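Note that chain A is present in both complexes that follow, paired respectively with chain B and with chain C.
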Partner chain A sequence: MSTLKLDLENYKELLKEYIRTKDEQALYQAEQFSKHSMQHNISPEEIINIHVQALQEIYPEMPSDIQASMNFLLETMISYGLAYQEHQALREKQLELKSELSVAANMQKTLLSTVKPDFDGIDIGAISVPAKQMNGDYHHFVQDQEGSLGIAVADVIGKGVPAALCMSMIKYSMDSFPHKRMEPSVILESLNRVVERNVDSSMFITMFYGLYNSDDHKFYYSSAGHEPGFYYHHKDEKFSELDAPGLVLGVTPDAEYRQYVQTVEPGDMIIMLTDGVTECRQGDRFIEPEEVLEILEKHMHLPAQQMVEQVYKHFEKLQDFQLRDDFTLIVIRREV
Partner chain B sequence: MDFQSCVNIKKEWDIVGARQLGRDIAKKIGFGTVDQARIATAISELARNIYLYAGDGKVCFEAIEDMNKRGLSIIAIDDGPGIEELSQVMEDGFSTSGGLGAGLPGVKRLMDEFDIVSEQGQGTEIKVVKWLR
Partner chain C sequence: MNLTIDVTNKEHKSIVALSGEIDAFTAPKLKENLLPLTKEEGQTIEVDLQNVNYMDSTGLGVFISALKSTKEHGSELKLVHMQERVHRLFKITGLTEIMNIDSTVQGGI
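Let's turn to the complex of A and B:
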């Protein structure tokens, strides 16, 4: 109460000063007064009340009609005051939600974390960056006892929290699979059944699954409607697409996935990605597929991890540091 | 001033009647201009809810005293359909999103105490209090 009275004194002086000088200095102070009032949650009707009281003190002879008109003004401001308070409350709530979300995002990071394995003769690079707080992309490395490396890259159509929840489910299904070597087609077929049973039909998940056998350097892969990867032939210095047509996960319970195989020669490279890479946008323009290859080629001389990081940096800059979609890129290179 | 006075709410015009009576009592108790305006707005909101959703009800006023405080108690009663999701109507941004006004959260902000009892099919009773400072 005492601060408000102090403010009234202050306001009266400011008002007097302005009426006398009509000077910008007083108006600037009025602006300060208004900011100060907002910091102290003073609503517009209270300011009008202060104004009326100040007027009464400055002009004791103020006509009663004018005074009545001030009450009228005060009454019309009540709803604005309420809207202001509601806005404050909603803002606090929003901050609360934001901090909850960042806790959830951290939890997701822990849940979905995967360790990039060390393999003799194979150089591996992986990067996954969410567009918003929660990542709707997912990648996972599995190393089995027989010396094979399984790599999964998945994308939930849709972003944010629902996509993230979905991904956690995928990860736990994959963890529950037996630890012996599993063929990509079998993995996708099992996951398809899990998704079909547990996920709302409006949600689609695509996945590319590859299995690299380090004994005979054969790469087996299947895809469930996922963005095709690329394959780099070291000998011809050429890229080709790693496409494996297949239905997205969860559409029908008995989907089957064809498995493909590629023999990996020394210096060859397998590139797996999500559409956050290929559907980068520069302004309103989607980049051309050749541009992705150009950028890959440009950084190919680097070790795999540095290569994916540099490619990411390039596209991040191209999009003015505002990712529109989650970005995941994995490079596997057989060393020469 | 420990009598209770009520205004029946049937027509939109009755909202004005309720505001007028509420403001007169508030003035007598000694509330200042800003609080009078807040009380009147709260009354509007309560009376309009009766008019819009129950069709028939009343708003009652009572000057109250507690320890050494004086205040105004307002009770809005109707036999309307009741409110199914109380937590929803008390949520910010729920009723106001359609530009319907302050809603019940607004009433709660305008007053010092707020209590609501509502059963589906048995009407709603809202009691609010504003204390004189």
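Let's turn to the complex of A and C:
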């Protein structure tokens, strides 16, 4: 307790100084003293104890009633001391949780990371930005053994940590499927069973799964209740919806998914997204689907990666840089 | 924006009139009110969505939970007076195929 003793001397001097001069400087010193005490986990009643000791030394003749009242004050401060200790413990706990959450977010990034593949003749752009620390959107590229490119875009309903955990489950189920031919309808049906069995009833997942065959340039796709993407027909300079009706994953165990096919001509584009793009709001106003198309069209002349980044920048600005929902946009273009 | 929930109980039928927005903030309150109703066998729960102009996917989650619960407990869920924007969400997610949604009313498709 030698440091405390030192502090007592210090405190006594400060107190004397203040009583004598009533100087602000001494008050400032008192403030420093209390900050220093907090750093050393000194409780309020200990400070009162120091105060009492200092008073006794400055005024040896102090009336015993006053002294008794000081002991009374000391006693009443004890609960504050306990509350203060608890507060300190909670603060430490909170820091711990915060750092654990950021470790989890990093881990999620690693677990769910996907590499945008290089494919001859196709230009690919992808962007996915979480609204909060953990991302409830997910996209994944996978090359099957026959050289086709599989693309999954998914959105977990429910946000934050539970959604993120759920995504990891999806990713690992998909990795465990045989890597022969990744038929979109088969993949969605298998995933649906996994989700139905393993996920809480209020949580569900929407997914769009596409398979691009680079030999004959056919694009096969199925959707489990996912926000429809768009298809750009280069020849007609027109967009159409990539609509593929299907039930969200995890509602009934026996859901079936129809598979659609689209022949991709040179210059055509496949656009996949999540509802963070289409449910964008400007103040209280929703943006209309036509506006999404306008923005896509405006940046269409760019290489795919730059295009998705510019479109993202546009919507980020529109929402005053405060995303309400996770934002994922993928563009696949057959080169001319 | 808030969500007002008015429940009228009749014999074998509860009418839940909603007004406002159903999103991540209001969905828990809706779930709290809606789910217990579905646990009574033979009960029909009619949810009136006439005054709901916005619903996000968290809201859908509540209705999916409720639907699952009705299947489990032998009750019935019916959604009526659904507005077009909200209906679109049910359509995209394929829920119009498996839920009892009255789309003959104004604003519906």
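Throughout what follows, the second predicted complex is superposed on the first by the 258 of 336 C-alpha atoms of A that agree within 3 Å, B and C clash if a C-alpha of one lies under 4 Å from a C-alpha of the other, contacts with A are read in each partner's own complex, and residues count from 1 in each chain.
Going forward, a contact is a pair of C-beta atoms (placed from the backbone, for glycine too) under 8 Å apart; a residue touches a chain by one contact, two chains touch by 3 or more.
Note that the coordinates shown come from a computational prediction; the quantities given were computed from them, not determined experimentally.
Aligning the two structures on chain A places chain B and chain C side by side, free of any clash. Once both structures are fitted onto chain A, a short way to say it is that chain B and chain C open up an angle of 90° at chain A, using Cα centres and rounding to the nearest 10. Contacts of A:Val248 after superposition on the shared chain: chain C is touched, whereas chain B is not. After overlaying the two complexes on the shared chain, residue contacts for A:Lys313 are found with neither chain B nor chain C. In the superposed model, C is the one of chain B and chain C that contacts more residues of chain A. When the two complexes are overlaid on their common chain A, residue A:Lys98 makes contact with neither chain B nor chain C.
In the superposition on chain A, A:Pro228 contacts chain C only, with no contact to chain B. After overlaying the two complexes on the shared chain, residue contacts for A:Asp275 are found with chain C alone; chain B is out of touch. In the superposed pair of complexes, A:Lys116 makes contact with neither chain B nor chain C.
Using the contact criterion defined above for the overlaid structures, shared-chain residue A:Asn49 touches chain B, although it does not reach chain C. After superposing both complexes on chain A, the closest C-alpha pair between chain B and chain C lies 23 Å apart. Only residues 1, 45-46, 49, 52, 71, 74-75, 78-79, 82-83, 85-86, 89-90, 93 of chain A touch chain B when the two sit together in their complex. On the side of chain A, the complex with chain C involves touching residues 155, 157-159, 201-204, 206, 224-228, 245-248, 251-252, 255, 275, 279, 286, 325.
Looking at the complex, you find that chain B touches chain A at residues 32-34, 37-38, 40-41, 92-93, 96, 101-102, 105-106, 109-110, 133. Only residues 24, 31, 56-58, 60-62, 64-65, 67-69, 85, 92-95, 97-98 of chain C touch chain A when the two sit together in their complex.
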